[in-house]
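Both complexes shown next keep subunit A, but they swap its partner, so subunit B is in the first and subunit C is in the second.
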Partner chain A sequence: MLTPLLLIPLFGAIAIALYPKPQASRTIATIFSLVTLAWSLYLLSQFDLNIGEIQFTEFHRWIDPLGLNYSLGVDGLSLPLLALNGLLTIIALYTNRKDMERSRLHDSLILLINAGIAGALMSQNLLFFIIFYELELIPFYLLIAIWGGEKRGYASTKFILYTAVSGLLVLAAFLGITFLSHSPSFEFSDIAIDNLDLTSQLILLTALLIGFGIKIPLVPLHTWMPDTYVEASPSTTILLGGIFAKLGTYGLLRFGLQLFPATWHIISPSLAIIGTVSVIYGAMNAIAQRDIKRMVAYSSIGHMGYILVAAAAGTELSVLGAIAQMIAHGLILALLFFLVGIVEQTTGTRDLDVLNGLMNPIRGLPLTSGLLILAGMASAGIPGLVGFAAEFVVFQGSFATFPIPTLLCIFSSGLTAVYFVILINRTCFGKLDNVRAYYTRLTINDQWPALVLTAIVLFLGVQPNWLLRWMEPTTTTLVSELHAPAIVQIAEIDNSYR
Partner chain B sequence: MNTFSQTVWLVPIYSLFGVLLALLWSPSLIRRTGPRPAGYVSLLLTSFALLHSVLALKEVWSSPIQFSVNWLHAANLDIAFDVEASATTVGALVVILSLNLLTQIYAIAYLEMDWGWARFYALIALFEAGMSALMLTNSLFFSYVMLEILTLGTYLLIGFWFNQSLVVTGARDGFLTKRVGDLILLMGVVALYPLAGTWNYDELTVWASTVDLDPTVATLLGLALLAGPLAKCAQFPLQLWLDEAMEGPMPATVLRNAVVVSTGAWVLIKMQPILNLSPVVVNAEIAIGAFTAVSCAAIALAQIDIKRVFSYATSSYLGVVFVAVGTGQQDAALMLLLTYAIAMALILMSVGGIILNNISQDITQLGGLWKRRPISGICFVVGALSLVAVPPLGCFWGLASIANGLSPLLLAVLLLVNGLTACSLARVFGLLFTGPVTDWTRRSPEGLWALVLPMTILLGFALHVPQSLAVLGLLPNLALVTQPATLLLMGSTLMGGGVGLFLYAFSTVSKPIRLPIPGVQDFLAYDFYTAQLYKVTVIAIVGFLAKAINWCDRVLVDGAVNLVGLLTLASGQSLKYNTNGQMQFYALSILLGTIFFGLILCYPLLSALH
Partner chain C sequence: MLTTTKLPPSTHRYSEIIHRLEAGGSMLPDTPENLMQIIGIYKAYAVPMDFYWRDLLYIAERVFLDPLPFFKYFLPQEYLDLPNHYAGETADYRVWQKGEASAHPELLEFMDKGELKQKLPKIFHHLWHDRINMEFAEACMRAMLWHQGMGGQFYDYLESEEYIQNSDRAIKAYFKGNPLMLGLYKLFPEMFYEKVRELSYYANLGLFWEVMAPVFFEMSDLYDAGEFKTVPDAMNFLINGIFIAAGRPIYHHVYIGAECYEIIPKSKGFMWLYEAALPYVEAVFYRTAPFRGTKSYNAQAKQVPEEQKDFHYGILYADVFPVGTAGIPPTLLMQDMFHFLPPYLLEYYQKYCRGEDDILIQLGITFQRSMYNVTSAVIQALRVALLYPLDDPNQEHLLKNRQFFEAQLDRFLRPEARLSDIQSQEYR
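Presenting the complex of A and B:
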């Protein structure tokens, strides 16, 4: 059931490479990614909502002595992300295509990324996960280095160094987990963490935290991110921010919270603090930016911080909120980057001090501005849009465990409103500059991905049950593991530690 | 049969549908017809909503109903959209929708040539949807949701003429100020649930009557909840946004000042049982209300922009409502809100017509309009008389009931507010309608039918308010009229109005009138310098922090990373010169390395030495 999600995009990438006409590359890529998306939606429809554990499992022995197996499976944590992956791939294919050079390579790289991320999300074997986790860095590196902006060399190098370190740390932690706990293989279900003493658990979890923290990114491991997001082309940024960064939070939930329930409890207060610091730090930095893309990039640091706070709080509701926020943030961030990409492409600038009056119905970009306002408000957490639904569940869930960090997060969503108001007031409102305003007219054809994303953001905002229902059984399972044995285990660990 | 009351939830849906339909005509979708159909579609849907709610009102009059629709189900959290359709809520719905309908007709004339027509109607419909849902819901959570949606609507409506810089800053301040209130309210909402386990107002009332809450918790919770209405009703110190909101188009101002702002007070009334848990909160509520009422009434007297006069009058009246709610007079407060909405809408419609074709909003520049605009004049006078305590018109009843339930100090506050408002209404009347004709008012005919019609209909409403109150059985006991507090109230109206007329309607005193101490006048005219206060506190702090953190990010955090990179490069660069081919140097390096690693390996042994 799951293998097609890996193979279809791979075949697509090969098909693009082999097909003689380069201008057909996007059509081929669209067909293949539509099939992938349709398949993941089909899986959603087949997903059994009564089971919190892994479903649709596939298992084949591969390199037995290493403990590396072809082992796939999904649950309510990964399946919604898979659907998001499929959707954003199509959106990315239709983002900012003007004068695209080497479109064949571009499109096949995007399909490779789709396959890589799908693989990472589905694999139930730690080594298998690492392979995909590292593999998708290559297409991303190429996308940034070839189609990036002026400083693409600097950005892509920084990106690859940071994320490779992330991969190494995660790999080291995985090796440590498996070998130290004397698990028979790297199979997720085989790992028995109980054999580990508290110190090694803490060390391993810290390595995971730093490794995935780079990916999320958490402050102070974030400096690759603004540079990369800004220099990469809009389509790459959509994939980077929308789904790539989610691998960090996914990893943290899957391999941190799920593998180390007891230790997770111990470090959760510090996690909540790191999350809150990220939230406020991202928002404050965003307020100070003059470049709209950079502003949106910093906003992402803030919003990913909510996920960490919620994951740290570890109540059923907060973990649910964390997963919902991943999806909500992926959708909203993709929408924002898409629109910012349109603004940049049409006006030739991203500078807040130059942009003005784009709401003008005749010579401006009225539809883009309207959608930008909506996207900004969704990000700021205005009710009726998906951002609010997810954030509210996060806040309500985390409040019981960490009241002060939660209140600070709510405070910070006010700061979010501040920078989005700055962004909207400067770009959409104001007087259109008569000298500059000779923009090419945009049609619906240029903007339909934004309309699709807007429709989803609105629909899930009004009907959040449709977002949450997939995740609920899994979070129940996750959190029951977190709570039931936790108390006993902590006591045991404490004793052994003494 | 209660078909209409069972389906009363459709009322906000009509308006939402209106939003979507009107947006079709905003630029780049439907062009061929021009934007006007958007307005007509919106009007049609508002009429449907009004009709539906009137029919529902008939049904729920004797038998209120409640039902709830699940909105979100997650883990141990169930959020349901609780609907309460009672005479009060559906009645409020009817008032709001009627005012909405009249305002939309008014807007046909006011925005006749405007290119943002479709956007305007879409936003008005959004307002309408938000307000109707707020009236119907019986859940604190959804009250918060609707307040936020109204905040967004306010932002976009103030920013309607977005290419003027004052409009842009006004929209920004309106949005952010209200957002501050909303988010503090959200903190309260989030904190309340673990304590009470519900957001349903009825259940919360039961909970509040039985619970024994720690005073600190109760105070913090109450203050957080209070912040929402505080910002919404433009109470001190968050009153500035309403003043800046006057940059928006007039029909939106009519709606905002008459009803949107009052929705905050509605929520306040609903959550008063929780606020009552802490005496500190109730005292704060009364103190803020009283202070805002007096200070804004005084500020209104010092304004020269007509719209601003009424924005401060609005804050001032809602201050009175805060006092009334704080002192436990919910019914009187509701009645005041109802009568106030009609009176304020009438005054603003009349003034709006004058602004539209005299261009200027500066009352010192206008004058002598009575002969030219008798209809507007009559509407203004009736609106003004309904707004202050003049029996038997509108607000008299509410104000009189409130006056009789207040302590002497608060009664003095109310008398002062009523007197000052009467004075400022008389001042506006004097400056607009009497005196010599100025250059601005030389040509000033009554407006288009669409401008006059809603105004005169509303005039009829305003004149019939006492009768309707009597028919609905809402009129307080007539003995109220002869109570000493009521007599004092009428006296204060007479005195304030008299002084205002004496100073401004007759040319005995030379204008502009200066107070003996110019500092005081400036203090009032510039709204207690609140804008400057914000600038040196909140704005400065956030701005500074943002810059400082950004500096840290660029220089310290990213700098450290770049330094590591630089060091790597530099060490590589310098080490390459070591490759000089001298055998001895290599041997020395190897030796040093061996010793170094040997020492590290021997480190555990070294510690055993001593």
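Presenting the complex of A and C:
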């Protein structure tokens, strides 16, 4: 059931490479992406909402001596992300196409990223996960280095250095987990850390936290992100912010929270502080920006911080909120980057001091501006939009455990409104500068990806149950593992130290 | 055309334009594209103008002080047939050679079916704004009324005892048998006189545009016949038109029942050039009011000048974008002109910017170009009337001419002025 999600985009990439007409690359990529998305939606429809454990498992022995197996499976944590991956791939294919050179390579790389991320999300073997986790860095690096902005060389190098370190740390942690716990293989289901002492657990979890923290990114591991997001082309940024960064939060929940429930419990106050610092730092920096893409990039740091706070709180509701926020943030960020890409491509600038009056119905970009306002509202957590649904669950779930960090996050969600009002006020309202305002006309054809994303943001905002229902059983399972054994384990760990 | 001046080069910021004016040219650069644009827009302007002048006279002469003038834009046949004094067989001076004296055929066709191309009860066309937008004409009239002191004697006459007595007779005749309105008149006579003054400006502007419509139609015909080759050709035709109509009387007659009341008699000798054309150019091209567009200026923030003479919101300064618009509201006039664009201009707009999507903006900028050309004609006409020929052998006379041109162009030194914009063809 799951192998097609891996193979279809790979075959798509090969088909693009082999097909003699380069101009057909997007059509081929779209067909393969649509099939992939349709398949992930089919899996959602077949997903048993009463089971919290891994479903649709596939297992084939591969390199037995290494403990590396072809082992796939999904649950309510990974399956919605797979659907998001499929959707954003199509959106990315229809972003920023004007005068694109080497489109065949571009579209192949996007499909490879789709396969890489799908592989990482479905892997039930730690080594198999790390292969995909590392592999998708190469297409991303190429996308930034070839189709990026003026400082693409610097940005792509910084990106690869940071994310490679992230991969190394995660790999080291995985090796440590497997060897120190004497697990028979790298199979996730075989890993049992009950016999590890607290220090080992803390070291391993810290390695995972730093590794995945770079990917998310969390403050102070974030410095690669603004440069990369700004220099990457809009299509690449959509994938980076929309789904790539989610591998970090996914990894933390899957391998941090699920493998180390007791230690997670111990370090959770620190995690909440780090998450809160990220939230406030991201919002403050976003307010200070003059470049709208950089502003959205910093907003992403803030919103990813919510996920960490919610995951740290470890209640059923907060973890549910964390997963929901991953999806909601992916959708909203993709919409924002898509629209910012349109603004940049049409006006030739991202400078807040230059942009003005884009809401002008005759010479401006009224539809783009309208959608930008809606995306800003969604990001600021205005009710009726998916951002509110996710953030509300995050705050409600986290408040009981971490009231002060949660209150600071709520305060910071107000700051989100501040910087989006600045962005929208400067960009969309005011007087259109008629020296610059000879922008080309945009058609629905240019903007349909934004309309699709907006429709989903609205639909899930009004019907959040359609977002949360897939995650609830998995959340229950995750949190039961976190609390029940955690108390026992903490007692055991304490005894062993005495 | 003159090619050189005997004076040393001007040091004015717009020296290039001053040299062009001294050479008999226009403020608008002489390019075939500019010529095509301005002639096309004159034609498109003249058709609604043919409605404006008729309706302005109808309101001044017939609607008069109707307290509920709901149907003042519903022009009766009598006024559609009203013969233009500068067109048709009956013309005093036939400016428009091929045209008829009655309303333009394109206007009649539009009034019949509108943009909808469907014959509906008139009220539906009216409410849907599928009509000629008289609101624009009234905005121009109000600008003239409000700014008033712009030279001439018309304004002073409106304050005279003779005018009050003429108005009094007409007011009493109009409200004969209406004790309510007569009672109100008794209580608030100034209010009624002020309203009559406004109606006198309706007549003033109507008589001004009665001349301009056939001038523009004729220019369009001449261009189509290939007789205009340059922008100065078009400007010179306007100058001639101004002088032909210069002495035309400006008056205000009111028809009540079968009787004609002469509120401003023709015998007062108010001349078209000094009492209508020049105040119109001053009020509409230069000044107008700052609250016409979708943006209102903040008087408390000193965005509105205290002195009326310092107003600068006219079409020569206007930002024709719908947001932040200063001066004439672009949408109504542009919408009116849009219905009567010659095919070559329509085709031209479709090639640039957003084609039909922003055609009203492109059209507005063309209108701005064309009004710079009209203003050039007025400046040259004033120079002819008050100063010296451009090829005068006397250096002192040429210097006087230059000082006059420089003083005129000083008014465009403000940053809002679009004079430098229209020098480029890329300003659309």
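Couple of notes before you dig in:
One rule holds for everything that comes next: the second predicted complex is superposed on the first by the 497 of 498 C-alpha atoms of A that agree within 3 Å, B and C clash if a C-alpha of one lies under 4 Å from a C-alpha of the other, contacts with A are read in each partner's own complex, and residues count from 1 in each chain.
In this section, a contact is a pair of C-beta atoms (placed from the backbone, for glycine too) under 8 Å apart; a residue touches a chain by one contact, two chains touch by 3 or more.
If you're wondering where the values come from, they're calculated on a predicted model, not measured in any experiment.
By the touch criterion defined above, A:Thr57 reaches neither subunit B nor subunit C. In the superposition on chain A, A:Thr349 makes contact with neither subunit B nor subunit C.
In the superposed model, A:Leu367 lies in contact with subunit B only, and not with subunit C.
In the superposition on chain A, A:Ser189 contacts neither subunit B nor subunit C. Of the two partner chains placed by the overlay, neither subunit B nor subunit C lies in contact with A:Thr206. By the touch criterion defined above, A:Lys431 reaches both subunit B and subunit C. Of the two partner chains placed around the shared chain by superposition, subunit B is the only one that A:Ile287 touches, whereas subunit C remains out of contact. The interface of subunit A with subunit B overlaps its interface with subunit C at residues 357, 359-362, 430-432.
Within the complex formed with subunit C, the residues of subunit A that make contact are 357, 359-363, 430-432, 434, 437-438, 440-441. Put simply, subunit B touches subunit A in their complex at residues 26-28, 70-77, 115-116, 144-145, 148-149, 151-152, 155-156, 159, 162-165, 167-168, 171-172, 175-176, 179-180, 183, 186-187, 190-191, 193-194, 542-543, 545-547, 549-550, 553, 557-558, 561.
Against subunit A, the residues of subunit C that register as touching in their complex are 295, 319, 321-324, 353-355, 357-358, 360-361, 428. On subunit A, the positions that touch subunit B within their shared complex are 158, 219-220, 222-223, 281, 284-285, 287-289, 315-317, 320, 357, 359-362, 366-367, 370, 373, 377, 382-384, 388-389, 392-393, 395-397, 399-400, 403, 406-407, 410-411, 413-415, 417-418, 421, 425, 428-432, 444, 464-465, 468, 472, 475-476.
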